[in-house]
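Order of writing sets the chain letters: A, B, C and D. Residues in each chain are counted from 1.
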Amino acid sequence: MKKKGNLRLILSLAVVALLYGAAVLVEHTSGSKSMVVTVLQKGAVYALIAVSMNLLNGFTGLFSLGQAGFMLIGAYSYAILTIPMAKRAAVYQYYDGGIVQFTIGLLPALLVAGVMAALFAALIGMPVLRLKGDYLAIATLGFAEIIRAFVQWDAIGPLTNGSNLLKTYPTLKTAMPGNTLLFTFLVVGVCIGLILLLINSTYGRAFKAIRDDEIAAEAMGINLFRHKQMAFVISSFFAGIGGALLAMYQGSLQANGFKSAMTYEILLIVVIGGMGSVSGSILASFLFIACSEWWLRFLDAETMIGNFQVPLLAPGFRMVAFSIVIMVVVLFFRKGIMGDRELWELGSRRQAKGGGRNK
Amino acid sequence: MFDTLLPYLLAGISVGGQYAMIAVGYTLVYGILRLINFAHGDIFTAAGFFMVYLAAAMPPALAIPLVIILTVALGFTVERVAYKPLRSAPRMSIMISAIGVSYLLQNLMWYLTGGLARQYPVLPGLGDSIQIGSASTKVVTLVTPVLTVALVVALVMLIKRTKIGMAMRAVSVDFETAQLMGIKINNVISFTFIIGSAMAAIGSLLYFTNYTAVTPTIGAMPGLKAFVAAVFGGIGSIPGAMIGALIIGICENLIKAAGLTMFSDAFTFALLIIVLLVRPTGLFGEKTTEKV
Amino acid sequence: MKKLIALVLAVMMLVPAFAMAENVIKIGVFEPSTGDNGAGGKQEILGIQYANSLKPTVNIGGEEYKVELVIEDNQSVNDKAVTAAASLVNAGVSVVLGSYGSGVCMAAGDTFAEAEVPAIGVSCTNPNVTALCDYYWRICFLDPFQGSVMANFAIQKGSTTAYVLNMQGEDYGSGLANYFVEAFKAAGGTVVGDKAATFPEGTSDFTAYINNAVNANCDVFFAPCSTTYAALIIDQAAAQGVKFPIMAGDTWENSAILSAAKGKEVEVYCSTFFDENDDAAAAAEFVKGFKEWLNADAGNLNNNGGNDIVAAVSALGFDAYNVALAAIEAAGSADSKAIAEALPGVTWDGVTGSIAFDEIGDARKDMAYIKYANPETGAFDFVKTQKVGE
Amino acid sequence: MSEQKNHDTSVLRLRDITMQFGGVVAINNLSLEVNQGEIVALIGPNGAGKTTAFNCITGVYEPTNGEVYFHGKPIAVNHPQGKMAKQYAGINGDAYRGKKPVVYSPDKITKMGIARTFQNIRLFKSQTAFENVLIGTHLRRTSNLFTAAFRLNAKEEKAMREKAAALLEIVGLSGEADELAVSLPYGKQRRLEIARALATEPSLLLLDEPAAGMNPQETDELGEFIVDIKNRFNLTVFMIEHHMNLVMDISDRIYVLDFGKQIAEGTPEEIQKNPDVIAAYLGVEEE
C-alpha cells in the first residue's frame, strides 16, 4: 500500500511538472498577451482562491461568505507595500503621497498579504465562529462589507488611498518577465500544495470530522472552536495571497471590485468543482473563467448569419445563459464535477461517497 | 432640535416600514425552511419592474393588482423550481441554490431591461409632496407606517386564527412531525412564499414611489437590510420583523444625520453581528436546543 | 456538460471563419454593456456604431479596408476588464476605443500597452488613465477641468456654501468631487464638512443627505454620480422642496435626469462635452442623423434607454471612431504600432469640438457646456459655455 | 469538599444531578458512582433521562444543579441561576449555592479520559472505517499545525496509523478498513464507534445502547467484547442498555432510572427482584 502511494505521488508530481512545462511552452509560443495566457493566469489565481474557500466550506463545513473581504485585505496589503516610492505621489494624489513611505520586495509582500488577512480572520473569527450555519454565512458576508466600507473610508485615505485606485505596483507581467504564467503557477502551486499537505495531515482529518459531525468530533476531543479558527485563519491566509495575486493580475486595484458578488462567484466555482475536492476546485476555476470570459463571449454579440438575426443574442445574454447553467448544476448535479474525490483518487478502491452530509 | 430631526425621523419610519414589508418574507421563509432566501430582494426588484412596464400599458388601478399577482407567481415559481427539489438536501445546498437564483434573476433583469435605471410611475396621491411641521415629504411617507402596521396585524391574525396559519406554525416548529400529521408541507411552503412575495410587491409599490429609480440590482441592499431586520426582531416573528425594520430604518437615517454617511450600511451589518452574538434569538425569538 | 462544451468549441471555431474576408481592419470597442456602467457604455457603443455605419471603410495606402468593430463587454469590473482587453488583443484589433468609466481603463492599460495596441479613451475622465499609461489617449476633458468648471459656474451664480456628495468607491465621482471642492474653496466658497460626503453603493434613500444640506444652509448641491442615483436625488430633493440648485458633471446629461426633473420644482445643471442644440453644422448634422439611425432600429433605441435623446457619450463615441480612422489613415497601415505612432499628431474637428492631443495623450479641451434640465419642457436648455479661467 | 476529594476512590461520581429544560425536569436529583474496573449499567424505560445523564457527564449539557466528579476532580458543578432560579422544580436547589460553577466543553472532558459512543450512531459519514478511528487519535497528538502540515511528525503519524489499525484489528474490522463507515452493517458500525472512542485513550468508557439493533447472537458477542476491551485497556465502563440479558450478564452493578429519578440500585440479582423496577418495566411493557 505504501509503495502504491509513493508511485502515485511520483506520478502526480510528474503530471504537475508536465503541466508547468506546457504552461511555459504556451507562453513562449503564443506570447504573454494572448488570450490563452490571460485566461490561464486568472484561472490559476481563482483556483487558489477557490481552494482556500473549499478548505473552509467544503472541508471544514463552515459556510463562510467572507472570502472577498479577506482577498481585499491581502490585495491592499500587497499593493500598499510595493508601490514604488517614485510613483506614490501620483497614485496618492489626494493624500500627498500617502503615509507609507517604504517598499518591500514582492515575495515578502505576498507573505504579508496573507498574514494580514489571517490576522483579520483571527480577530473576526473570535466572535463569528461561535455562530452556526447560515448565521455564520450572513455574519461573514457582513464583515466583508464592513471591511470594504472601512478601506474606502476617507480618514484612512493616506494608507489605502480611500476609494481611489491603487496602481503601479509590480504585476504578474513584471514579476518574472517573459514567464508570467510560470510565476503564477509556481506561487499558486506552492500555496495549493501547502493546503493539500494540511488537508491530508491529522489536522485536515479533524477538519473533515467537524464537517461530518460536530458533536461526534467534539466527543473525540477535538476542540471545535480552535480547529474552526485554524481553518478560518488558514483559509483567509491563502485568500489574502489570492487577493494579492488578483491585484497583480489586474494591474490596478480598487476596493469596489471586491463585492459579495465576487464571493458568490467563487462559491459557485467551488460548488461546480465539488465541495471537498481540491482538484475539482482547480478544474472548475479554469473552466469557469474560460467559459465566462472567453468561450461564451459570442453570446453577447448580436449576430447575423446571412440575413437571419440569431435570436436572444444581445448584451447580457452570456450572463443569463451562464447563470442558468449554474442553476442546472446546483439543482441536478449537486456533487459537481468531482464530488468530494480528487483526480488522483479516481482509480482507487474507495467507494463513491454519498452526496448528502450534515443533515 | 426636533425640527432638525423631524425629517430624518420621518424618512426613517418610512423606509423602515418598507423594509418591514420585505422582512416579513424573510422571516416567514426562514421560520419554515431555515433558509435565507437570498433571492427575495430580487423578487422585490422584479415587482418594481413589473410596475414600470405595466403602468405604461394600463391605468394604475389595473396595474397594481396585476403587479401583485405577477410577483406572487414569480415567488411561487422560484420556490417550486429552485427550492423544492432540494427539500431533503443539506442546508448548504439550498442556500447555494438561493444565491444562484439571485444571480440568475439579476442577470435576467439586466438582459431584459438593458440595465438603464427605469423611472417608476407616479402613483396618484402617493407621490405628492406634503408639509409636516417644518418638513416636506411625500404622502407615501405617512401612508407606509399605517399600511405596514395594518398588514402585519392582518398577517398575525391569519397565522393565529386560520387553518393554514396553524399549519404554518406547525411546520415551523417541526417539519417532519407536521408532515406525519398529514399537513401538506409543499402547500404550506408555497403559501408562505406567496404571502412573502405579495408583501414584497406591496413594499415595492411604496418603496419605489419614494425612491423612484428601478435597476436590476437595486433590491439587493434593501433585501439584506430587511433580512437583518428579521434577525434583529427574532427570526420567525412577524411583529419582531416590523419593529426590527423600523429601528434599522430610523438608526440608518440618524447615522447619516450625524455625518457618518459612509457607514450607514456597515452599521446594519455591525448590528447584525452584535445581535447574533449577544442575543441570537433576536428581540422576540424563541430558543431552541439541538438534540444529541 | 461535455456536449455543451463541445458545441461551444465548435461554434468558436466557426465564428472566425465568418469574419475571414479580404482587407479588413478591426477596431476594438472596450465598453461595459453589463454592470454598474453598462447603460452608459451602451450609449457610447451606439455612437461608435453610428459612426461606423456612416464610414464603414477606411483608406489605407490607397486600398479600401472594411472596418470591423469587435465589441467586448468589460462588465464595469476591473478584474473582468483584463480578460476583455486580452480578448480584444487576441482578436487582432489595430486600435481600441473606450471605456466608459476610468477604473476599467487603468486595469486594461497594461494589456494594451504590452500588445502595443493604442487605446482611445472616450469618456474616462480620471487623469491617471493617460498619465500612467503610454498607450492610452483620450478625447474628453478631465476631472480637474470639469470640477473647476462647475465650481466656477456655481460661484458665478452667487453660491457660497456647497454640499458635495459622491458614491464611495467610485473613482469618477470622487475625483470630480475632490476637484470641485478644491476649486470652490479656492474661489472663496465653503464646503459643508470641508470635504465631499459619500454614500454607499446601492443607496436609494437620499433624504438624509438632502436634509444635511438644508440644515447647513447650503446654496448649491454638487453630486457627481451615476444617473440611477441622480434620478433619486433629484426626485427626493424636489419632494423635500429644496431651494438650492443641484449640479453635477457629464454623466447627468441623460434622459433619466430629464424625466426625474420633469414637472417638479427643482433646478438641475450639468456640465457636458457636447450640446445637442449646438449650432455648429457638424453637431447639428450628427444629432439629426443619429436620431434617425436610432429610430430606425428598435434594438438601438432600447439600448439608448427607450428614447432618442442624444447622450454626450454617444457624441464622444462618434468622435472617437473618427479620430481612430484619421489615425489609421495617417499611419497608412493597419499595424497597431504604426497607428500608435501616428495618433499624437492627429487632429479632428469633431462634434464635441476640435480634438488635438497634448504630450500626456489628453485632448486639449478647454470648454464645457453647461446645461439646465428644464422641468417644463423635459429637455436640456443650453445655458452657457464655461471655461476654467473665466 | 476537601473531605470529598480525599476519600473519593470512585472513577465517576454524580451528586444530586438535576437537569431541567424550561419547565421539564429530565433528571431529578440523580446520585451515583462508578468505581475503578467496574461495568455499571444505567437502565430504565424510554425517556427516563439516561442519555441526558450521559450528556451531563460529557459536557454536552450543563446540569441545572449538582456536581459531577471524575477521579475525584469536579468536572461539572452548577446550581440554579438566573431565570432558572425561579423556575427550578427539582430538590436540593440550595445545596450547591455559593459553589463556583464548573463547566468543561465535551472535548475537554474527552481529553480528561472519558470517551463515549452515541445512541444514534454518529460516525463520520464521508470517512472510511480506518479514518474514523484515526480521527480519534488526533486528541493525543504532540504535533502542531506546522509540524503536521510539513510532515515533521512522520513518526507520530506512523504511530497513529498503527494504533488505528491495531484498534480495528481488535474490534474485528481489519477487513473493512477502507470501507466507508456508513456502508458497514449496523453491528459493525457500533463496534467501529467503540474503536473510535478507544482511540482517544480513555479511562472511562460511556456506551449509549451499544447493542441497539443487534440480534441475540451479536448481542452475546458484544458482551464478551466489552468485557474483553475493559480488561485489555484497564477501563471502567458505564453503559446504557435495553437488552436485559446483556446487562445482567456483564454488569457489576445497575442503576435504574424512571422519569428522571433513580428508583433502584444494586447487583443484577438485587435488581431482578426489586418490585419497583418490575413495576416500572411492566408499566412500560403494557403500553
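Some points to look at:
To be clear about the criterion, a contact is a pair of C-beta atoms (placed from the backbone, for glycine too) under 8 Å apart; a residue touches a chain by one contact, two chains touch by 3 or more.
Keep in mind the model is a prediction, meaning the values are calculated, not measured.
Note on connectivity: the fewest steps through touching chains from subunit A to subunit B is 1. The chain with its C-alpha centre at the largest distance from the centre of subunit A is D.
Remark: subunit A and subunit C have CA centroids separated by 33 Å (rounded to whole angstrom). One simple way to say how far apart two chains are is to compare their mean CA positions; for subunit A and subunit D this gives 43 Å.
Rounded to whole angstrom units, the spacing between the C-alpha centres of subunit C and subunit D is 72.
Each chain gets one centre point, the mean of its Cα atoms, and the points for subunit B and subunit D are 47 Å apart.
Of all residues in subunit B, those that touch two or more other chains are 110, 114-115, 262, 265-266, 292. Touching of two or more other chains is recorded for residues 33-34, 38, 42, 168, 198, 200-201, 303 of subunit C. Contacts with at least two other chains are made by residues 149, 152, 154, 215, 314-316, 319, 357 of subunit A. Residues of subunit B that touch subunit C in their complex: 4, 7-8, 11, 15, 110, 114-117, 119, 129, 131, 135-138, 207, 210-213, 215, 217-218, 220-222, 252-253, 256-257, 259, 261-262, 264-266. Contact residues on subunit C toward subunit A in their complex (touch as defined above): 1, 4, 8-9, 11-12, 15, 18, 33-34, 38, 42, 71-73, 77-84, 86-87, 89-90, 102-103, 106-107, 109-111, 114-115, 126-128, 131-132, 168-171, 174-175, 178, 195, 198, 200-201, 299, 303. Residue ranges of subunit A in contact with subunit B, taken from their complex: 57, 63, 127-128, 130-131, 133-135, 137-139, 141-143, 145-146, 149-150, 152-154, 215, 261, 264, 267-268, 271, 275, 314-317, 319-320, 322-324, 326-327, 330-331, 334, 355-359. Residues 58, 60, 105-108, 110-111, 115-116, 118, 122-128, 131, 134-139, 141, 143, 145, 148-151, 153, 157, 160, 178-180, 182-183, 196-197, 199-200 of subunit D are the ones that touch subunit A when the two sit in their complex.
Note for the complex: subunit A touches subunit C at residues 32-35, 37-39, 42, 87, 90-91, 93-94, 148-149, 152, 154, 162-165, 167-168, 171, 173, 246, 249-257, 289, 291, 293-298, 300-302, 305, 314-316, 318-319, 325, 333.
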